[in-house]
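Paired with subunit B in one complex and with subunit C in the other, subunit A is shared by the two complexes that follow.
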Partner chain A sequence: MSFLQLDDIVKKYPGAERPSVADFTLGIDQGEFVSLLGPSGCGKTTTLRMIAGLVEATSGRIHLDGKELTRTPVHQRGMGLVFQNYALFPHLNVARNVAFGLEMRRTSKAEAKRRVEEALDLVRLGHLSGRRIKQLSGGQQQRVALARALVIEPAVLLLDEPLSNLDAKLRDTMREEIRSIQRKLGITTVFVTHDQDEALAVSDRIVVMSEGVIEQVGTPEQIYEHPANRFVANFIGRANLFDAQITHTAGGVAELDVAGLGQMRAVDDQGAKGPATVLVRPHRMQVSKAAADDAHGTVETVVYVGDSIEYGVRVGDNTVSVQSVAGAAERLERGTTVRLSWQTEDALVLT
Partner chain B sequence: MTSKFRGWPTRVVVTLLYLFLLAPILMVLVISFDAQSTMSFPPRGFTFQWYERLAQNAEFIHGFQVSAVVGVGVALLALLIGVPVAIALTRHEFRFREVMSGFFLSPLMVPAIVLGLALLLVLAPLKITGTYGGLIVAHLAITVPYVVRTTSMSLMTMNRSCEEAARTLGASPWRTFTRVTLPLIAPGVLAGGVIAFLISFDEAVISLFVVGPQATTLPVEIFHYVESRTDPQIAALSVVLIAISVLFMVIIERAAGLKKVLR
Partner chain C sequence: MSAKTRSARLTVLGLTVPGLLGLAVSFVLPLAWLLRMSFNRGDSTGYIEETFTLDSYAQFVGDSYYWDMAWETTLLGLGVTVLTIVVSYPIALFLVRTESRFKGILVALAVAPLLTSSVVRTYGWLVLLGNQGVVNQALMGAGLVDQPLALINNRIGVYIALVEIMMPYMILCLLAGFGRFNQELEHAAQSLGANRWRTFWRIVWPLSMPGVLTGALLVFVLTISSFVTPRLVGGGKVFYLATEIYDQATATLNWPFAAAIAFILLALFAVVIVIYQRALRRIEAQ
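Entry: the complex of A and B
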């Protein structure tokens, strides 16, 4: 059993037609940084709130460090939760906000003072301890919320889209900061986000969810390079998905008959047979000029984005995205007839 | 044609409207200093005598004391009842919520005279008419709805995740209420209390049914007074009462903002 263990968690809100979270089983190790990633409404917040105890699971069990937690009331769980809207107490100043959890624990005045200072220094807000909440910027409020959650030395730090209210630049610095604080303290962290870049950048492991169920759990590399299914492949990064028929499999490589492209090869871990889907990321595709009778398709769009050129190639009814490094090959014009290809190791058969 | 130009007629109309609304009050103010011994307009002469007589009028002073005591009692009890009711109505799902909500707001829709009669019929058998207790109970019927409304308003507009944050930080439900919820809804609660006091202090119709010789409120004393006398003493008293009301309104405005409360 892992440090934080969720088993067969189901949450069905009263009156809802189907569960918001279903059969959710996940183990999180001590010190691990795990992201819950998925589209809006897939049940990320619900899952996080069940861990915090703010939402009661319909069924299933939660264990923390071997002890069952499922029916423990919120205020006895000792989880640190950072809300999307920060939820700072507007009637208390910065220091009193951070001290709140310690007051509830009846920590001595002197120790509370020391720990509040430490926590504020950790988020680099030591100089603002006397400020009112209204007088803080969004980024500063975010830091206060983080300090307030961390000061109680929670068993697990829970973050619900903590960066979504910040502008793009601040978002990047804050996410690095959160990650470095997390490493420094070695605190087990569950991070909810619908932003795949964010999840890929900071996580030890990512849990991809859709419609209340887990689609895949893995390291950022595993999720990106070996998505478990079409949903994950589409959701993480950009993807070309081809319908294909497997004709022969040997040594982890499948020979395929790909619609519109003919005979191709792709990596096949599972030894699948029959109809399959092949995933190739746009930057792993190659495109080259070809005579019309020999071509797979026609260049439909050309978008120059600085370091690379993105082509949209029409193949039958579908558009295939190809990203090539600018300057590495001759630039193709719209309307050019082309052939598409890929290296065997760059294509993956999905089931 | 600028908006400034178009603004002129509006301003004139608004000014006239305010003058019209405030005219009676201004009239009362003027009359209270009038040397004539019956209330009439225009005034002749200037005097403080009506204020001096007011200060010696035992009935008015007693009535004022009764009204003040009843008002404070009503305000406190209305809060004690109204705040928990507001919390139940806004925060909890239960079977007869709509019915309860209607029940607590319904006195606002019944004419005061009907309510007064009804209260008399209920309170008389209990033998509490003509007592402080009877007055307080009668006034609670019309003031609790206001407390429920102002408190509900604050509860609905406050950030609920603050309560959840307090819970995750280790606060029990009760401590969450006292340390987070109550401070955040304080403006609505305070406003409800002040409004309850003012309504009780001002209430005449219902009080007429339930007052007695020992406990007669100021509005009822005024009522009796003007039945037999017409000197400007009553105008002087009105000015004092207006001053007190304004003071309370200033308190509400400072605490919560009038707009928020009266919405």
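Entry: the complex of A and C
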């Protein structure tokens, strides 16, 4: 059993047609940073709230360090929570917000003072301890919320979309900071986000969810390079998905008849047969000029984004995205007829 | 002064003058007239001597009967205010927290009694609380009491009726005052180890203070100046400053004395408003 173990967790709200979370089973190791990733309404926040105890699971069990806490009330779980809107107490100043959890634990005044200072230094806000909450910027409020959750030395740190209210630049710095603090303290962390870049950047493992079910669990590399299905492939990064017919499989490589492209090859871990989907990331696609009678399609859009050029190539009814490094190849104009290709190891057969 | 600021000033003046005039004619002038009246000498024949004396005030201050009455009035104000907070707070908290799609209707229901005049509601309480009323009939039917309880023509009835009449005002103030509250704050407190009780006293209650204070001020002022309910439910047997003013003005015809009591009541308001302002400033300084 893992440090934080969730078994067959189900949450079904009364009157709801389908459960918000269904048969959620996941083990999280001590010190691990796990992201729950999915579009809104996928059940990721509900799952986090069940771990926190704010939402009661309809069925299933939660164990922490071998002890069951499925029915333990929130205030006895000892988990550190950071909310999307920070939920700082507006009537208390920064230091008293951070001290709140220690006061509830009846920590001695001297020790509480020391630990509050430590926590504020950790998030680099030591100089603002006397400030009122409404005098702080969004990023500073975020840090106070983090310090408040960390000061109680929680068994698990739960972060509910903590970065979504920050502007893009701050979001990147904060996520690095959260990750480095997490590493420093070695604290087990569950991070809820709908932002795949965020999840890829910070996680040891990612749990991709959709409509209340786990689609895939894996390291960022596994999720990105070997998505388990179309949903994951589409949700993580940009993806070209081709309908294809497998004609022959040997040694982990499938020969395919791809609609609009003809005979191609792709990696096939599962030895699938018949109809399949092939995933190729845009930056792994190659595009070259071709005579009209030999072409797969026509360049429809050209977007120059500095370090790369993004082409939209019309193939039959579909548009294929191709990202090529700017300057590395001849720039294609709109209307050019082209052939598309890829290296066998850059294409993956999905089931 | 530039033309622009002058025209801005004229605009401000133009917009405020009608309101100020209205206030002056309907409020300040009568009040000044009343103040003047309180310095005249009156007697129980209704004769008013134009003079300048503090006799009426001296009569009030020198008689422990009126001191008791002022004390009872203050006590009524405080008691009704506290009781109204106690019974309104859970309702307001429920209305703030509920995610029911009937929330709007529930709020409307909570303040719907305002649609009925307090005179009518006072008569309602007379019916409910009387010896033959629903309350006493139920208590006797259940065998809890042998004799009907005296719930009207005394202070108990006045308290009960006033608390109910004041509840919609209090609920409205509490709802407005809950602005900074959201349920995530309770969740945060709980995740930090606070049980329900401590979450309430450390988070919910302090955050609701602006609403509580405003509601308390409003209810206190409305209560000590209320006349109909103490008069009707009290059955002429309990006396407060407001009922005394009426009696002095209409029965005893001692207008100067009635005016003096009115100003003493006004002084009580002033004290309460100062206390309110101080308390509010302390909360906002947090």
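As a working rule, the second predicted complex is superposed on the first by the 351 of 351 C-alpha atoms of A that agree within 3 Å, B and C clash if a C-alpha of one lies under 4 Å from a C-alpha of the other, contacts with A are read in each partner's own complex, and residues count from 1 in each chain.
Quick note on the criterion: a residue touches a chain if its C-beta (ideal position, glycine included) is under 8 Å from a C-beta of that chain, and two chains touch if they have at least 3 such contacts.
Because the structure is predicted, anything quoted here is derived from the model rather than measured.
Once the complexes are laid over each other on subunit A, subunit B and subunit C cannot both fit and instead clash. Using the contact criterion defined above for the overlaid structures, shared-chain residue A:R105 touches subunit B and also reaches subunit C. In the superposition on chain A, A:A228 contacts neither subunit B nor subunit C. Residue contacts after overlaying the shared chain place A:A201 against neither subunit B nor subunit C. In the superposed model, A:V213 makes contact with neither subunit B nor subunit C.
In the superposed model, A:H75 makes contact with both subunit B and subunit C.
Once both structures are placed on chain A, subunit A residues 52-54, 74-81, 83, 85, 87-91, 100-101, 104-105, 148-149, 152 are touched by subunit B and, in the other complex, by subunit C.
Residues 159, 161-162, 164-173, 175-176, 179-180, 183-184 of subunit B are the ones that touch subunit A when the two sit in their complex. Those residues of subunit A that touch subunit B in the shared complex are 52-54, 74-81, 83, 85, 87-91, 100-101, 104-105, 148-149, 152. Contact residues on subunit C toward subunit A in their complex (touch as defined above): 180, 182, 184-185, 187-195, 198-199, 202-203, 206-207, 283, 286. By the touch criterion stated above, subunit A contacts subunit C in their complex at residues 52-54, 73-81, 83, 85, 87-92, 100-101, 104-105, 132, 148-149, 152.
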